[in-house]
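Written out below as structure tokens is the structure these notes cover.
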């Protein structure tokens, strides 16, 4: 028994996506994105978002984020983000490498979210246009957040309006974009360009793909230089059709939505169950597929003995833990963990 | 009818490799390389090369090359390479980005190969240790070369000895490593560490993989900092097992060798046939799976009308063309092209 | 009447230093540091510090700091520093450029000083050796601090011991090094290598030089690559003798000490006087030549009307002000300001 | 006896410039370029060039060049320059650092000059807009050239027209700008903006200044971001007035012209004399203040024994030598060298 709640990255690949990869292996196809599958993808994303886009496929979320930020922020710029943002704490300086040395400004904020107040305080520390200082150039939001919560369309719109009014662009790290959209019942448009997002890291890997991430550019002011940024970072895949195939399958029949709905449902169920276990406290609203709890060491150890894998999560405190569900999480696995927890001495 | 001889990148994926990917999709597995398949890979590569190695999986050859060079060459260093080397002309400055601004020094050389003479002349332009100049730090060899030829073990050993005697390290761009090894009947060891190669970009993508490249470190002096270099370049894959699975299949039952032997054989056959076509001249010894010819415009156009795809190749002159075979190239495709060429008016 | 208390950068050059520049203009001299004045400087610094050093002259403090940090911190590293440190807030990302994209981690701390507690808390957020995160590599101290206070030898030693025990190196931003040393009556050795400092930005510009800063390397493990770092950053001066001449004059007859003693004395006098003005609060111990106060807007405006120049200083609060004295500040200027302040309505 | 013909960098400072530095040391002045001398300089340069300009003072020619190129060329760009250009062979990769990793493309060319043919051939190797390749973005001319020759206005105009027609910008490395202008009797306007130069490194250091270089921006499309580029490279001087004072003195009473005319005259005289020495061959037209000759080893050694200093210059062949005159070179020194050469056994 047992089950892994370590990460949606630890989960496997949806059968529909694996099948699409196998199907794409049909004869020769022009390399480096000139194949039909890649070429058709921009149109599909435009339909998906209801807006003209540029679309750049890459293999990792870190690449998508760092390329996006490089498009928005000059080397002497700064990016305002939450202090727990993946770009700030888990990408080993990739944004700094890709931007040519820009600064990230990590800000506190409840439930993993940036607030206008927080941004305002951060900006107040800068003397605008002063040559001695880096120049704030972008705001980056994680959707879903690193606390497992989801920005509402009006929250994004308010942040984006604030940013745009000050000449800052808006990036969204959508590593768990589908989980976020599904989590609040919002359309892809509502939580992106319609709310003011300029560029999106659109992730599929954590939601059932093998390795498929896309930079989606909504801002018409961002030019084709992303082609060069991607190539010189080593992120242009020769057999691009196999990345594109994953996204086609992801959009076909709303697989993205079904996968996310399942993972989110499992997370809710798990959170509700954990909330009833004595000594366990759920720390943030569970709006996507991540659950953050305080859980005594003894219980965590007991679960691990029974092969239920979960991460310690120091940002949530000394007894903080993180559990993540995925499209592959089964109801039996959730029930199994809850039963084990209930049995713990 | 017709067939693509555009690139081995345009070819699909070997069934064995696709099957391995499908097989790897078995339940959850720790992310970011902590999975069993990735963990076992170092041992398999050590067996393959007969030498202790570090192994870093990435998704593209550009990433493997640029990371390798960054490990060998400081920002104020220089890399000596052939003037047609992929790193110099087809990677959009990736080595410059990853090294932090090092210089490539492109050198001429017959049949795509560097010579001691050429290196000597290049080095003579540098005042060693002079603070005004970048410091030559590495030599990069392409194996097979960009001219479709293959360095012999003793050629590599001579270049490496020259380099090491001057404090330079040796990188090998092995995007077509299998084709090279098979092309001259050399073992992996003979054309790498035994001949003095310090670090190798070991490519499988052009020889039947979906997207699988590895940086293989032979030099014990290169530390674990490659972990950080890879991550901050966005090249650490979360579902690493699917990259590792490709390599396991690639090594299993010598698939690498069988694939390369087939592609090379098709190339030889194609080259021999083309050499008999009036007006066509084969430009370099065909030792791997690339063929460079001079071919009149009329013939090239005629072939394309019949859906035989090939690249114009200006480095080979105004009527230069490149044809590449792959593990998927069939004898019928080769015969078809030759028949069409024979029929051309 | 009136006087500038804007910055020690706004002050002019000590006559002794100007004369040395004029004297150095004697015939031809080898360029780029091969001249006698530059060559003799290492020996003089070794005597000054009582320790073997490498010495690299540059023209600005930003260059000295950014080069020093680049020598200590890899591109995937992080530098722990005070949140008001010049490197963090006033150098427009120079450390990020020179290091190739390392991160600065700004930490709070009383009176401009880092504390072991603060460092400990910062480090606790990092998972050591984890490839997903930048790796803390250095601690940077400002001496004197940005609050006008001075680290004692034992404070530095404790911080350095903490750092070294964790594999971190120690940089000191000594833009106001002389003011600091004089301010606490410490010898140059006591507050540098003897306390564990590995590399020092030794500034003379703010203490009477025209433009003279030196990177002083105490750590024998740091090699000659600084030569290349400096040159490729454009900081190798062709007529190096004129930078060296400034330092010779600075060390001759302890000009550095006399200048700093004067500036510090003026600062103390000014601070004592301001402390007696109603509505004015001195914010930090005045141990060097900077004074931070809270001062009502009306008083600041009144002083400015009378041509006493001072900076608003938002980090010290809404009515924060900074006043800086220099070797050129006269007692009459200090008295004048205090008299004006006393006269203010 | 004897004299240094090593470099105009080895020469001292013109008295007028030293006096201006001393004069500028008058009380306090706002730092970082807000002082009157710096503020007035833009107007003076506009008068000097007869064109609106932006002006950024820096301390070294390498800084001026690398900042200029960074303004013209993105990280994925390329700069076409002569293979002996200072930016290519003597700046230790500074352009690569400041541009964020762009490539220099060194081209051959007679007498140190680029030709349309050479540029054309270089550009032909690039597939325009192809994501696999860096994108040619700028042409850099050295004026005077590294061969001591001078581009005529119509030569510059032809190169610039060629460049602009292909979307490339034009940089001029004017480390010896005054020598060039005087050498061909051209006005500053004629060999810069009027001929199509977009940005100029305007050097005074080699022509009698202590350390004074300026980036002069003619292209109105280049914005104020140069402020940030300069600061984060550590090239914003706090006591900017002392850089500005040098340029004021340099322009006052046409000191720039008088100094250059003297140095050029000495070079001509020296070249004429050397040309009459048996075994010596002058290699390029001597149009500025540099002389390149072939000179037997024995003669060079003899001259050095008599303390006439000159550089071996391998780019000019095995017995190549370079001699440089400066504003401080005296007729007696030239006569002395020629007499010694005539006396040589």
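We call the chains A, B, C and D, going by the order they appear; numbering starts again at 1 in every chain.
In the analysis below, a contact is a pair of C-beta atoms (placed from the backbone, for glycine too) under 8 Å apart; a residue touches a chain by one contact, two chains touch by 3 or more.
Not measured: the values here are computed from a predicted model.
**Student:** Could you pull out the chain whose C-alpha mean position is farthest off from that of chain B?
**Tutor:** Measuring from the centre of chain B, the most distant chain centre belongs to C.
**Student:** Could you tell me which pair, B-D or A-B, is linked by more C-beta pairs in contact?
**Tutor:** Answer to which pair has more contacts is A-B.
**Student:** Just the number, please: Cα centre separation of chain B and chain D in whole Å.
**Tutor:** From the centre of chain B to the centre of chain D is 42 Å.
**Student:** Determine the centre-to-centre distance between chain A and chain D, using the mean Cα coordinates as centres, and give it in whole Å.
**Tutor:** The answer is 50 Å.
**Student:** Whole-Å distance, chain A centre to chain B centre, using C-alpha means?
**Tutor:** So the centre of chain A lies 34 Å away from the centre of chain B.
**Student:** Would you mind listing the residues of chain B that make contact with two or more other chains?
**Tutor:** Expected reply: 32, 75-76, 91-93, 96-97, 100-101, 131-132, 134, 228, 231-232, 236.
**Student:** What residues of chain D sit close enough to touch chain C in their complex?
**Tutor:** 3-4, 6-7, 9-13, 18, 21-22, 25-32, 58-64, 66-67, 91-94, 96-98, 205-206, 210-211, 228, 231-239, 242, 309, 326, 328
**Student:** Hey, which residues of chain C end up touching chain B in the complex?
**Tutor:** Its residues touching chain B are 32, 74-76, 100-101, 131-132, 134-135, 224-225, 227-232, 236.
**Student:** Which of the residues in chain D come into contact with chain B in the complex?
**Tutor:** Those residues of chain D that touch chain B are 75-76, 89-93, 96-97, 100-104, 124-125, 131-134, 314-315.
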